[in-house]
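In the two complexes that follow, chain A is the common piece, with chain B as its partner first and chain C second.
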Partner chain A sequence: MSFRTNFILQCLSSMAWAGMNWGLFKIIYVHTGEIGRGTGWHENEFFIFLGTIWVINSLIQTVFMANAEEFSELIRTGGLDFALLKPIDTQFLISFPRINWSQVPNGILGILLIIHSMQKLMQEKELYFSVFSVPVFVFYVICGAMVMYSVMICLASTSIWFGRNQNLYDFWFYITNFYRYPMEIYQRNGIGMALWGTFTFLIPILVVSNIPARILAQPLGTPWKAWEWGLAGYAVLGSVWSLWASRWVFRRALMSYRSASS
Partner chain B sequence: MPTIEIKNLSKTYRVYQKQEGVLASVKGLFHREYREVHAVRNIDLTVEQGEFVAFLGPNGAGKTTTLKLLSGVINPDHGTVTVMGYVPWERENEYRRKFALVMGQKNQLWWDLPAMESFRLNQHIYRVPREEFERTRDELSDMLDVTRLLGRPVRELSLGERMKMELIAALLHKPDVLFLDEPTIGLDVVAQHKIQEFLKEYQRERKNTILLTSHYMKDIEALCKRVVIIANGSIYHDGSLEDIVDQFSGDKIVTLHLHDDGGLDSLSGLPNVMEVEAPKIKFRVPRDEVGKVLSRILAAHSVDDIVVEDPPLEEVISNVFSQAEEKGRQEASQAATGS
Partner chain C sequence: MLESAITWWTFFKISINERLVYRADFMLGTLMRFLPTLTQIFLWWAIYDVISSPGSADSTTGPDGDIAGFKYGDMVAYYLLVIISRAFSSMPGLTGGIANQIRNGEVKKFLIQPVDMQGCLLMQRIAHKLVYYLVATLPFALVFFLCRGFFVNGWPAADVLIVFFLSLALSFLLGFFLETCIGLIGFWFLEVTSLTFIYMLMNFLLSGHMFPLELLPSEPVNIRAWVEFLPFQFLAYFPAAVFLGKIEGAEMYRGLISEVAWVLFFVVLSRVLWWKGIKRYSGFGG
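Right after this comes the complex of A and B.
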C-alpha cells in the first residue's frame, strides 16, 4: 500500500472484473433458467456459487498469488538465499511475506453476493438454511484455498529446476477457468468426464469451489446425494494430500537450489 | 574444536552453453551443450573462534560459493563442513540463529519499506527479546550513524546507507559467526572507511568469527590478520598478510631523498627506476639486495632520507592471483591430458 494510486487502481480493476462477471451471468440467466437441465443451478444458486469463487479467488490472490510469483523471481535472482538463512520454515517464509490488500474488496463483494442471493432464495422458495452451514462453508473455503496454494507452490517450486518459470499466472488463469463452474456441466460426455475426473481426483480444484458453494446453495433445494457426501469427505483428504505433496515437492526442489551468481 | 572446519569440499555447476543467433536458440530447444564449472575443488580449511579471516581471489574463484556452502544456502557435491558443530546444509534453526551472511551485491531488506520494518521482522524471526532488540538496534545505528534514516524507505537510501542497514539487519541477533561477501563494494572512500571502522570495533568487542571477501585491499589491511587466497576453486595460500607480502613480493620499493641533485644522473641509470623528482628518486630493488644496494649508494652519495617499503598490497595480491590462475590452468590442462 506504499503506492496509494496504484493500490486504488488495483482495487477498482478487480472490482470491475467482478462486476463484469456478474453482468455476464445476469445476461445468461435472461436466456435460461438453469445451467444444465436438472442440476439445480438456477440463478440464485449460481450466484452463491459465483460469490464463493470470488471469495476463494480473493483469498488466494490476497495471501498467496503475489508471493508465489515473487518466489519464482527470488529463485531466478538468487534472492531466495536470504530466505534460506532465516531460522524459520522456508516454505512458510516465502508463502506469506506480502499481503495484496487490493484483492480484498473482491472477497467482500463475493460475501455480499452470497448473502443477497441467499436472501432472495429464502424469499422466493421460502427456504431456510442452518446456521451450522456458515462454519462448514468457511471450513471448506479454507480447504479450497489450501488446495490452490499447494498447486501454486508446486508450480513455483519447478522454477528451481527450470531456472525460470513464468507460467504461474497463465496456469492460474487456465485452472480457474475450470473451477469457475459447477461440476455437473462436465458430467455429460466423455471429454467432460475426463476433465471432471482429472480436476476432481488428480488436481482436486473442482472440489475447491464446488463443495463450499454446494453447502450454501444446494441444501436449500435438494438433499445431498451419497456421492456428494463422498466428495465432501474427499475435499478434506484432498487438501491434506495436496499440502503434503506441495511440501514434498518444495523440499526436493530446495535440495537442487543453486543460487544465482552475485 | 575449530569454529569452522572444512574438509575436501567440492561444488560443481553444470552451465548451459548458449550459442549465438536464432537458429542456435531453436536448436537449443532440442539439444543443449553444457560445461562443468568447478566452483570449489577439494577445499580444506579451519578457522578458530574469534579469527577475522580474509577470503581473497579473482572473480569467479569460488569465494562466494564457499560462503554459500558455509551458510547452507546450497548443498555441496561432496566433502564435509561443520560451523560451530553444525552441518550448514541441514539448515537447523539453532544454527541459523547463530550466524549471518551479508552480501554487498544483494539486498535482503524490503525495498519499498523503511529498514525499521525489516529489522522488526528479523526481531520476530530470530526471537530477539524486545528490549534487547531495541538496545542493539540503537547501538548499531548509532555506531553507523544512520539513526535518522531508520524510517526512510530502503529504495530512497544511498548505496552506503543501504549497506549500513544491511549490516544492522544481519547483526541484530548478535551472530557468533559472520560471513561478509564484499560488504564495501561500490561504496565511496568515506563509507568504506566507516564500515571498516565499525567492523573492527564490533569484532574487537564481541570476539566473533568473521570471514570476509573483498576486492578492496584497504579492507583487508585494516581488518584481517589472516588471508586465505582461493583461485580456480582451490586454496592457493593460507597465512598472514605479512607472509603473503614476503612470499609473493620479490621487490622492495626504495625512495631516496638526496642532499642535492648532483647524484641523480648516476642513480637514474639504476634498473627499475619508478620515478625521479629531484632531489627524490624512487626505484625497485630485489628484497635480498636492499642492504647491498643501499650501502653502495650511501657510500657514493649524500642522502637526507631513505624510505624502504613493500609494494602496494594490490600489486602483490594481483601477482598472487596471476600465479594462482596460471597454476590452476596448468593443473586443469594436465588433468585434461591425463584423462
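Right after this comes the complex of A and C.
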C-alpha cells in the first residue's frame, strides 16, 4: 500500500477493462437474444457466466500473477539460485510470497454482477436457486483457480528455456481467451471440436469457467444432461491432473536452469 | 548531411539487432496474436446464427444475419484487418519509456549530444516494426490465406488499396507522435501512468479495436458522431473500414486528409511540448 495512487489506478484499470467487457456484451445483446442457437445463454445467464470469469480471474491475479512474473524475473537475473538453496519446496516458495490486492475489486464486481443477474433471472423466469448451489459454486471456482494456477506456472516455467518471458501477461491473456466464452460456441465444426477437446481434456481451462457458471445459470428447471454430470465430475479430475502436470513441467524446467550473471 | 545519415543508419542497425536478441519470445508472441481471432470467429458465428433465418447458415459464407451493416464474413474480416492496423499503429512502451527517461534524468543525453530525441525514437520504432513485419509476414499470410473465405467481396479496387496502405503508414506516424506527446507530458507531471491508462481505454473503445464503430450506441448519447472528431479511429477502424468498402468515394479521401491533418497536428504538438519541456527541465541525478 505504499504507492497509493498507483494502487487505486490499478483497481480502476482492472475494473474499467471489466466494464468494457460488460459493455461489449451489452451491445451484442441489443442485436441478439442468445449466443448460439438453443444453448440457453441469454443475457442474464451470460452475465452470470461473465461474473464467474471475473471472480476466477481476480482470484488468480490477486494470488498468483505477481508471483509468476517475479519468477520469470528471478530466472533472468539468476536470483532463483537463492530460492533453490532454501530448504523448502521451490514451487511453493515462488508461488505465494506476494499478494496483489488491487485485483480484488474486480472479483467483488463479478460477485455483484452474478447476484444482480440471478435476481433478474428469478424475476423474469420465476426460477429459484437452491442454497446448495452456492457451496458447489465456490468449490468449482476453487477447482478452476487450481487449473489456472497450473497453466500459469507452466507458462512462467517456459522462461527457463526461452531466456525471458517478458510477455507473460500477453500469453496469459491469449490463452485465457479460450475460457471466456461458453463451450457451446466451439461445438460446431472440426476445428471447433478440436479446440473444445484440447481445452477440455488436455488443458482443462474451458471446464474451469463453464462448470461453475452452469451451476448457477443453466440448470434450474432444466435438468442436467448426462454429459453435463460427466463434465462436472471431470472438472475435479482435471484440476488434479493439471496440478500434477504443472509440477512435472516445473521440475523439468528447473533441470534446464543454468544460473545467470554469476 | 552524409554524417547525419550515417548516424541514423547506425541507430537503425543497433535497434534491429536489439530486437533480435530474444527471438523465441518474439516468434511465440507473433503466433499467439492470432489466438483471440480464433475465438472471435466462433463467438460471432454463435451470435449471427441466432439472428439469421434457420438453416441459412452456409459453411462458406456463414449465417446471413446482419448487424449494423456487417454480415458474418465482414465481421471476422474486420477483426483480422484490425490486427494489421494495430501492427502499424500500436507503440508498446513508447509513452512509458519517454516518461521514464525524463524522470530518471536519462533525457539529459539528448540535451548534450547532437541527436534529436524524437528522431532517435522514430528510428528505433521503424527498425522494430520492420523486424516485426519481416518475422510476421509469414504467419500473417498464412492466417489470411486460411481466412480468405471471410472476405466476401474479394480484393478491393486498386485506388482503395492505395488508400488502405497510405492510411496504414499514416496510422504508424499518428500512433508514434500521439504517444510521444503523452510521454512528453512527463516534463510537467513526472508520472504519466494515469494518462497512459486513460489513453489506452479510449483507444481500445474508440479506435474500433474492440468492435466496429458502427456498433457504438446512438442512444442516449450519440458516441458514434463524436468519434468522427477524434483521432482514435485512424489507429484501427479507418484502414479496416476502407478495405471492406464501408467507407468509400469522397468520404474515404476526406478521411485520409483528416488523418494527415491529425499527424501534422501531433508532429507540431510534440515539437512544442519538447521545446517547452526542456525549458522547464532540471536534471536530477548524476
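Keep in mind that, in the parts below, the second predicted complex is superposed on the first by the 260 of 262 C-alpha atoms of A that agree within 3 Å, B and C clash if a C-alpha of one lies under 4 Å from a C-alpha of the other, contacts with A are read in each partner's own complex, and residues count from 1 in each chain.
Note that in this section a contact is a pair of C-beta atoms (placed from the backbone, for glycine too) under 8 Å apart; a residue touches a chain by one contact, two chains touch by 3 or more.
All of these numbers come straight from a predicted model, not from anything done at the bench.
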item: Chain C versus chain B on the shared chain A, clash or fit after superposition; value: fit
item: Partner chain(s) touched by A:K125 [first = chain B, second = chain C, both, neither]; value: neither
item: Which superposed partner A:Y186 touches (first chain B, second chain C, both, neither); value: second
item: Which of chain B and chain C A:R252 touches, first, second, both or neither; value: neither
item: Partner, of chain C and chain B, that touches more residues belonging to chain A; value: C
item: Which superposed partner A:L85 touches (first chain B, second chain C, both, neither); value: first
item: Shortest CA-CA distance between chain B and chain C [superposed frame, angstrom]; value: 5
item: Residues of chain A at both interfaces, chain B in one complex, chain C in the other; value: none
item: In the complex, chain B residues that touch chain A; value: 13, 64, 68, 71-75, 91, 93-94, 96-97, 100-101, 103, 105-106, 108, 112-113, 125-127, 153, 181-182
item: Contacting residues of chain A [partner chain C, same complex]; value: 5-6, 9, 12-13, 16, 20, 23-24, 27-28, 30-37, 39, 161-167, 170-171, 174-175, 177-178, 180-181, 184-186, 188-189, 192, 195
item: Complex interface listing, chain A residues touching chain B; value: 2-3, 78-79, 81-82, 84-88, 90, 93, 255, 257-259, 261-262
item: Complex interface listing, chain C residues touching chain A; value: 22, 24-25, 28-29, 32-33, 35-36, 38-39, 42-43, 45-51, 54, 59, 67-68, 191, 193-194, 197, 201, 204-205, 210-211, 215-217
